[in-house]
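The following block contains the structure, expressed as structure tokens.
A, B, C and D are the chain letters, set down in written order, and residue numbers restart from 1 in every chain.
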Amino acid sequence: MADRGVESALKEFMAERDWDQFHSPANLAKSVAIEAGELLECFQWSDDGDPERVQEELADVLTYCHLLAAKLGVDADEIVLRKLEQTRAKYPIDRSRGRSAKYDQL
Amino acid sequence: MADRGVESALKEFMAERDWDQFHSPANLAKSVAIEAGELLECFQWSDDGDPERVQEELADVLTYCHLLAAKLGVDADEIVLRKLEQTRAKYPIDRSRGRSAKYDQL
Amino acid sequence: MADRGVESALKEFMAERDWDQFHSPANLAKSVAIEAGELLECFQWSDDGDPERVQEELADVLTYCHLLAAKLGVDADEIVLRKLEQTRAKYPIDRSRGRSAKYDQL
Amino acid sequence: MADRGVESALKEFMAERDWDQFHSPANLAKSVAIEAGELLECFQWSDDGDPERVQEELADVLTYCHLLAAKLGVDADEIVLRKLEQTRAKYPIDRSRGRSAKYDQL
């Protein structure tokens, strides 16, 4: 239920512009990847990205994520929390603590 | 304030595993891009991605987005809404309605 | 003409499997992005990627790049060299030397 | 040996600008992903990307791939051909013909 405000604001914005027609799941997945590339560009040559620009690019990634969640009929927060439970099972605290290794290499 | 539940759940999860040390903004931006690639893979050869898998990959993208927002000290919903206002100014309804063109080509 | 060996090897491989039908420019562009994400994963938590794995992922990115070049009917080396000339004009040596700034900020 | 022309042209270009200092493998992998996002943007809302723009973006991806290959001390064509042999083993003609399924689902 967390994102009700964001999701309804986005929905209204898109409806006003009749943009829903472009927002197939495949196009939204491409858009997420494109914006993720722009976010990454903030860190292309340095680990210190300009915070203002990072925020803007992150907002773009999140926007398309929310549009895709809405298109799938799922709640963005709920799927994050559900996935977190799966990740919890894959990465038991005692074996994963302080390590960045993938679960199949723990 | 929308994501309070998600952000605190993620924070607790990471603290238990002492993973915060890996989560520099640059590493999180890379992680967003990596997961965005996996989301895109659901649509590599077809516009019909398996909804279950799409949800899981979308959840991974969102998870790293939330971690990056937390690291920047910003609220994920707030930056989306703020960016939406900027986009509103760039894409006036009368000129952008029903068109997928970029703002500089409207 | 540089990649004749690679391009003809890839062409034969794809023909044997009748995979050309999947290789629309759009699908190949998605594939390049997906494999670029896997390449990036080698450096997700550290700047020291395993060289063997980096090579393999880089090979995957290059493979889809070559397939896309072939689909467009262009030579992969030629377009790199042509773009290099454009970049040369954008980044004069005297202003760009030792700087990672974008051309519009030089 | 295929890319000798491209690799030496790139090497000279970078040396003139003293840009090699920015080209760590990690930075080059990020650059490949960033440019792959720009290539994908040509197909964001449609499967018909503008061929001129597609070529330019593809050239950018290839450029960073070549720089990364050079940094790793490997030949770009050789790693593609070597990987092709591995893929050949994973995708026997009789089981993969006309199918886009992953090798573990054949």
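Assume contacts are C-beta pairs under 8 Å (C-beta built on N, C-alpha and C of every residue); 3 or more make two chains touch, one makes a residue touch a chain.
Since this is a predicted model, take the numbers as computed values, not measurements.
Novice: Can you tell me the C-alpha superposition angle of chain A onto chain B, nearest 5°?
Specialist: In degrees, rounded to 5: 180.
Novice: Counting shared numbers against all numbers at the contact of chain C and chain D, is it over half, same, or under half, different?
Specialist: same
Novice: Can you work out the whole-Å distance between the CA centroids of chain C and chain D?
Specialist: Centre separation, chain C to chain D: 2 Å.
Novice: Mind checking the centre-to-centre distance between chain B and chain D? Centres are C-alpha means, answer in whole Å.
Specialist: A distance of 26 Å separates the two centres.
Novice: Which positions in chain D touch two or more other chains at once?
Specialist: 22, 30, 33, 35-37, 40, 43-45, 100
Novice: Which of the residues in chain C end up touching chain D in this complex?
Specialist: Going by the criterion above, the answer is residues 2-6, 9-10, 13, 16-19, 21-22, 24-26, 29-30, 32-33, 36-37, 39-40, 42-43, 47, 49, 51, 54-56, 58-63, 65-66, 68-69, 72, 74, 76-77, 79-84, 86-88, 91, 93, 96-98, 100.
Novice: Okay, in this complex, where on chain A does chain C touch?
Specialist: 30, 33, 37, 40, 44-46, 100
Novice: Sort out for me which residues of chain B touch chain C in the complex.
Specialist: 22, 27, 30-31, 33-38, 40-41, 43-45
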